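Okay, got some structures for you below.
Below, subunit A partners subunit B and then partners subunit C, in two separate complexes.
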Partner chain A sequence: MTIVLAGKSPQKARVEEILRSEGFECVTAASPRDAKELSRDFPVILLGNSAVDLFLSDDVFAFRKISGLGAGEPAVFLLDYGSDTPDYVLPLVLRRAVSTALSKRPVFILARSVRSGIPGVEKLYFDARNAGAAIIKYEELSIQRSDDICEISVSDGIYRYTLGTPLLVDCAIEEDKEAIEYAKALRIHTYGSNRINEDRWFLSPGRTSRRGVYFLDTGLIVSDRLKDTIFSIADELRRSPDAQQETRAHVDASKCAFCYTCFRVCPHAALEPDGSAAAMKVIQPLCTGCGICAAVCPAKAIGLHGIGHIGIEPGSAGKTLAFCCENSAAIAADTAFRDIDADIVRIPCGGSLDGESIAAALKTYSRVIVAVCADEACRHFDGSVRSMKQVEKIKQAVGKLGVDPGRIGFVRVSHAAPAVLRDAAGR
Partner chain B sequence: MYYNKHYKRLGVFVRCFMKNVLIVGGGLAGCTAAKQLSKFGIPSILLESSSIIGGKVRDYGCKADSRCSQCGVCLAGNLWEAVENDPNISIYYNARIFDLYKNGDGFTACFLSGPETHELNVTDVIVASGFTDYAERSLGAAEIAPSRRILTGRNLETLLKGRTSDSIFEHEPASVAFIMCFGSRDIKEKAQYCSRVCCGYATRSAKVLRHYYPNAEITLFYMDLQTVNSSPRYMDELRKNGIRFERCRPARIGSEESLPVVTYENSEGLQKKTFDYVILCGAVHPCPDAAFLSDITGLRVDENGFLQYVLPPEMTHVYLAGCASGPKSIYETSADAAGVAARIANFNFGDGVRQ
Partner chain C sequence: MIVAELKPIEEIISTIESYERVLIASCGTCVTVCMAGGEKEARELASLLRLSPSMENTEIRVVNLQRQCDREFFEAADEDAAWADAVLSMGCGAGVQFMAERYSKPVIPALNTRFIGVNRDVGYWTEVCQGCGDCVLEKTGGICPVARCSKSIFNGPCGGSSGGKCEINPDTDCAWQLIYDRLKTLGRLDRLYETIPPRDWSLSRDGGPRRIRRSDVSTEVK
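Our next item is the complex of A and B:
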């Protein structure tokens, strides 16, 4: 199997070696554009190399700094200042703290959280304490910088300490700019301050928002974790369970207006222009069948295999119709609608709901509920935000026609709190 | 495409049809592993000690306030139904394994399911026996007075699951205390390790309580804090919401006039404070069967009582998934179990060992 390595990292040779020992062939992408082309046919591992303070990463630099310290002058490592420091920086800090403490300098580690979740870190804490490093879990902290001495005032909720140090190591990291360029070209979602991986994608380590594209920040990952992460990526690639999924979008090329709307909205980057047919086409392995493209397509050229257009049986007055996202509300529906006379329509994602379906439902049902996941919990990123906007639009439109907009309800639920859905429907 | 190419190799099917996996424990880890194996076409036998699969996660509630706080409960979703209806998975309820011995390339497992005894041949074993909640075990202990207002973390989860759109508790609480690290970081309890999960669920539940009861006073007694979300300033956000953090281990949780009283010490000396509800965020302790399972499977019991590998599992064909090998969050458990399933299904390295 071939795998594409994109981005730059000093650990690239090691990554290649591990991948080769797992039976993969490695191809290097020279530019973001190149990576984008190659990602159509092969899985991609994007390498990043986030920068930490030289004192943590460079032994020689650190040695010089330590020897420059006068007797009794402490080295202070500062974590969680400004923003929470990523977990993987901590082993670097603790190792450096041990080496600093062993060269007979006082060492202070100021942190807000302990991060004992990293394998082996309990032992590192133990070593650092034994070597003489003081670990302060602070609650409040203020720094006054003068020419060469930093005055730090720190409180752990019980005591207040003041430290004067010429060597203050800020353990914040700087994200790799080049990796973010690649991420944009590969259409991976980035979050907030350009972070590529966000919590919910560590379901499988290294996984990003796009299937078949993985992200490894080799600059900071501990070397044994690097190996494990690559192993798990290799396992997943060899036997991708997603290949058996049934629901997929397909484009009717004769109807397609080639307007690129679906290309812009697809959260999984699964649509691409097919120049020869003058129509869009679905990259099958990437499609998750969320149906967002089908809902936005102005020409109605996109359909989903497995399910047809959301069919609405005519209901009776006084009855409720609930559009339930199958990831949350549809699971809760059994419990929630036990005592309520309601019809349930399963939808693959809130985003797949178009205005027409709601309007059609309003004709016969006296109340329509749209129940979707919470915004950040949506597996298709902006699906539930889309559904909320759709509902707002429909409410305005029917309001103008003289229909009571209160007949349409919108609720964010989870399968693990069914009574919330019941209350929304019963109101 | 690259996803399908390797599926068509005959070898894959031959190997997969030959495999047959025994999974001890029908909680999140066991069910995730079974489901994942079934996707690879490998049949599995799931042993569940109670009469319903899903273990502890089945009762967990959503911890979104107005926004999702990424607790991971959504991962379970309709997993239980999917496992129950999967033709590749045979579930034995009220089951208890009593022997496992080597038989040719695989194992023979002897177990009770209800009154019946079964003997089955399997090729691999996954131990997903889960954990014990310390708080439930300790409710009758000397330091803790019996009171209906003292809840364990699991009681709170059940309340969160059953919450309506405007209430969680029966009575609107004026003050709620969370006691974190309850039974971990504790030499007396032989649990010096950090349980790692209670920071997550205590802070998230506190956010939900704040959302439902804006005027309630919420206090978290803590010793260590883990990083919970990668979102910067998560802790500051909590403080801004008016959630108080008190760094100490309460000495006693008593009860006066049916309300719980927490005795603790801070910089101003000994304090005694009455709360409407006290929530004990119990530690993750090893499963009571760990020693027995270690006897029959050849796994090692570590200094904290959790099971660990002695040899790489590809050699022994005994795998560990979930909290049997140490405290794990829902996300980590799910990833761990899926990873174990992939390792079993992995035909290239089925007999090889990764260095």
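Our next item is the complex of A and C:
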């Protein structure tokens, strides 16, 4: 089996050696364009070499460090990543936090997302808490700097916490710019300042948003895990891609307006222009059937095999309809709706829901609930955010019609937390 | 393409609520691509209108037309249009008027037609052309002073250009700054020494409604 290596890394020779020992033949892509062409026929491993550093965020604070900090002044470690904290950074920060806390200094760890599942990290969390470090997960962050103090304010949307520190430790990553050029050519999902989305918890190690394209950032991956990650990729590639029967999208070329909307929004790079038909077409092996393309298509030219138009049975007054993402809410729904009179429509992703379906459901049901995954857990990246925007749009429109927008509920749930869904339904 | 957007829903309702049978007609070209009047938008609008208490006695149908600016496509709507008391066109202003010529019943616009523009990102369009009838883009580095300068001046910038932005709105780029930057990139700043003379605005809207007749493609042109 042939595998394409793209991008640069000092570990490239080692990666090649491991792949060869696993029976793969390695080909090197000469340029992003070359990688794009080769990716049509072969799996690709994109190598990156980002640098990671814990540094004091400002010279002032460095000066204060030298001139001596007050004994009670806290140290704040900031993990402000758009997506998950990279698995290399977290143990590094937790270890540093433990040693700082043990030197009798108050320690705060502020994180946009708290992650687990990294070998050994649970123990480090435990050690950090035992040493007295406070770990705060936030959604909003603001930092005000003055000469000798940094006012940090964080909020989870409900509570706000403010603290002052002369010692803010930013855990910054310097991106591998070349890897990002490759990522763009390969059309894999990036976020924030073009960070490559390589490590959401539900993705196997190295997986990206696009099937058959893997990302190994040798600057961020702990060296002894490199081999395991490559083994895991090799295992996945050896498995038959069609082992799983999945719902997939298809384009009706006669209706397609060739507007490129689906091409731009597909998180999995599964659409490409078919010049001879003057229409888009779905690259079937890449499609995951999330239905985001079908929901955004302005010409209604995209359907999902296995799922027709989201079917809504004529309901009755007093009844609830719940659109449930099959990755979370649909699993929780069995328990959540045990004794609530509700109809459930399984949707492949929050992003597959369009405004029409919500409005149509309101015609016959007294209450409509849209229940999707947490934003950062959406395996189609922005599906949950898309569904929230559809809900907001329809709420605003029905409000103008004199219909109570409170009849539409929106909730982010975990498959393991049916009570959240139940509360939303009972409201 | 022509870029349009949906009118406020309460305005749409005020124009159609007195009718018992309303046909919504989508258009499959520009307004589909700019996500204002395609099949998806038409179906969503229909679903919303059906929820309106003031539309309780109104029946709504949807027909999807490939184009509203060529009359052959209307045939697909003839039957439903005969049924309807009024037609709500989701075409641009041209589509609405062409439909109104065909059917002897009210044809009502659902969209506000905004401009000729380009799609810069998903859900983001900007105006780049005004159809002025005498293109000067060759002289201005491919950036239109008519459409993109707030004053449509031909020998700019004016005194309201500051920091590359236009005085009417800090979010609006000064077209003449863009022209300067572009000509500089092309190594053709010398073009700025040429004064563009006053033009013949009768080729634009000032000459009244415009028409084009091509004798080479028609045997019936007088």
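What we mean here is this: the second predicted complex is superposed on the first by the 277 of 427 C-alpha atoms of A that agree within 3 Å, B and C clash if a C-alpha of one lies under 4 Å from a C-alpha of the other, contacts with A are read in each partner's own complex, and residues count from 1 in each chain.
Definition applied: contacts are C-beta pairs under 8 Å (C-beta built on N, C-alpha and C of every residue); 3 or more make two chains touch, one makes a residue touch a chain.
This structure is a prediction, so every number in the text was calculated from the model and none was measured.
Peer 1: Is A:Pro43 in contact with subunit B, with subunit C, with both, or with neither (first, second, both, neither)?
Peer 2: Only subunit B is touched by A:Pro43; subunit C is not.
Peer 1: Looking at subunit A, which partner touches more of its residues: subunit C or subunit B?
Peer 2: B
Peer 1: Quick check on the superposed pair: does A:Asp354 touch subunit B, subunit C, both, or neither? Answer first, second, both or neither.
Peer 2: The answer is second: A:Asp354 touches subunit C but not subunit B.
Peer 1: Counting only touches as set out at the top, which of subunit B and subunit C does A:Ala417 meet: first, second, both, neither?
Peer 2: It touches subunit B, and subunit C stays clear.
Peer 1: Classify the contacts of A:Arg112 with the two partner chains as first (subunit B alone), second (subunit C alone), both, or neither.
Peer 2: First partner only, subunit B.
Peer 1: For A:Leu186, using the defined touch cut-off, is the partner it touches subunit B, subunit C, both, or neither? Pick first, second, both or neither.
Peer 2: neither
Peer 1: Which of the two partners, first being subunit B and second being subunit C, lies in contact with A:Leu401: first, second, both, or neither?
Peer 2: A:Leu401 contacts subunit C only, not subunit B.
Peer 1: Which residues of subunit A are in contact with subunit B in one complex and with subunit C in the other?
Peer 2: In subunit A, nothing is touched by subunit B and also by subunit C.
Peer 1: Could you list, by residue number, the parts of subunit A that touch subunit C in their complex?
Peer 2: 255, 257, 259-261, 264-265, 297-300, 354-356, 359-360, 362-363, 394, 397-398, 400-403
Peer 1: Mind listing the subunit A positions that touch subunit B in their complex?
Peer 2: 1-2, 22-23, 41-43, 82-84, 86-87, 112-117, 122, 137, 139, 156-159, 192-193, 195, 198-200, 202-205, 212, 231-232, 235-244, 284-285, 327-328, 331, 373-377, 412-420, 422-424
Peer 1: Which of the residues in subunit C come into contact with subunit A in the complex?
Peer 2: The contact residues of subunit C facing subunit A are 8-10, 13, 28-29, 32-33, 35, 38-41, 43-44, 46-48, 50-54, 119, 121-122.
Peer 1: Spell out the part of subunit B that touches subunit A in their complex, as residue ranges.
Peer 2: 1-7, 36, 39-40, 60-62, 64, 66-68, 70, 73-78, 160-166, 193-194, 196, 199, 224-235, 245-247, 266-267, 331, 334-335, 338-339, 342-343, 345-346, 348-349, 354
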